[in-house]
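Should a chain be cited, it is by its letter among A, B and C, assigned in written order, with residues numbered from 1 in that chain.
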Amino acid sequence: MYYVTKRLEISASHSLKLNYSSKCKTLHGHNWIITVHCKSEKLDQHGMVTDFTHIKRAIFESLDHKNLDDILPFNSTAENLAKWLCDQIFNCYRVEVQESEGNMAIYESS
Amino acid sequence: MYYVTKRLEISASHSLKLNYSSKCKTLHGHNWIITVHCKSEKLDQHGMVTDFTHIKRAIFESLDHKNLDDILPFNSTAENLAKWLCDQIFNCYRVEVQESEGNMAIYESS
Amino acid sequence: MYYVTKRLEISASHSLKLNYSSKCKTLHGHNWIITVHCKSEKLDQHGMVTDFTHIKRAIFESLDHKNLDDILPFNSTAENLAKWLCDQIFNCYRVEVQESEGNMAIYESS
């Protein structure tokens, strides 16, 4: 099996809708470090799984320096963001979204 | 599958009960770096696996700046600590307890 | 199962053959960080899976400070390079080729 992983950083703002007290309900921002994992049993005609540049473009153009609440049609948790990205990127099966030094959410397709 | 990982650091003291000579039998302390892994096939109503803040609170309130020997009902090894934490945190399946730069214990539920 | 991993860095030049616009088509270079993973159920007569020195030699003698386009009989993507290395190293089952801070390709034999 061939794999590629692309790691990049976006800056954005968001807030969470929660029915309990949390500072995350206030509009705030992060530098999210996003790691995209793609895999394929066979390489394409160029000898690639997924072009790194195409992954970068898909994430940056939609999310960097934006307000995630305006873009995502659901509560903008790191878990939801990970799945949303995974669904959009060719050959992607796992996305890690690191929201801060200690907090990471991961979506992995079955 | 959705995953979250929460990494944090606690400072505490402890000593080990051993029937052989060891400097670990003397009361001493560490900065333990604890990494908690939770997973769930479905997200909750807020789009989360387990709220990062709830994980942090569970660990900090019980262990940080305490003497583990006063809290844990067993020999306070990193192995025992890892399992004890795993059993208490919602959706948790794996806990890594790094006691020093080179020493890590891991508990993973089957 | 016994495992060894050997991590090293080579400097080389290469260019890619692509049928779309990309700066990778120009001859350029990288410091590739290569991580080789070998495994074996039993150790050899010396108590080893694969001698670290043999892994280093296999990679350095063929690739370091060379033009990959002159050596590899295919498009010199990180994916193709990972498989080519895996096929040559005794007991190797996985090779990671990190081309830049954010970009890594991996080949893992089934």
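The working rule: contacts are C-beta pairs under 8 Å (C-beta built on N, C-alpha and C of every residue); 3 or more make two chains touch, one makes a residue touch a chain.
Because the structure is a prediction, the values reported are computed rather than measured.
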Components of the interchain contact network lacking chain A: B | C
| item | value |
| --- | --- |
| Interface residue identity across copies chain A, chain B - same or different by half | different |
| Turn needed to bring chain B onto chain C - CA fit, degrees, nearest 5 | 170 |
| Computed distance of Cα centres, chain B from chain A, in Å | 28 |
| Between chain B and chain C, centroid-to-centroid distance (C-alpha), Å | 37 |
| Shared-contact residues (touching 2 or more other chains) in chain C | none |
| Sites on chain C touched by chain A in the complex | 16-19, 22, 24, 74-80, 82-83, 99, 101-108, 110 |
| Contacting residues of chain A [partner chain C, same complex] | 1-8, 43, 45-49, 51-53 |
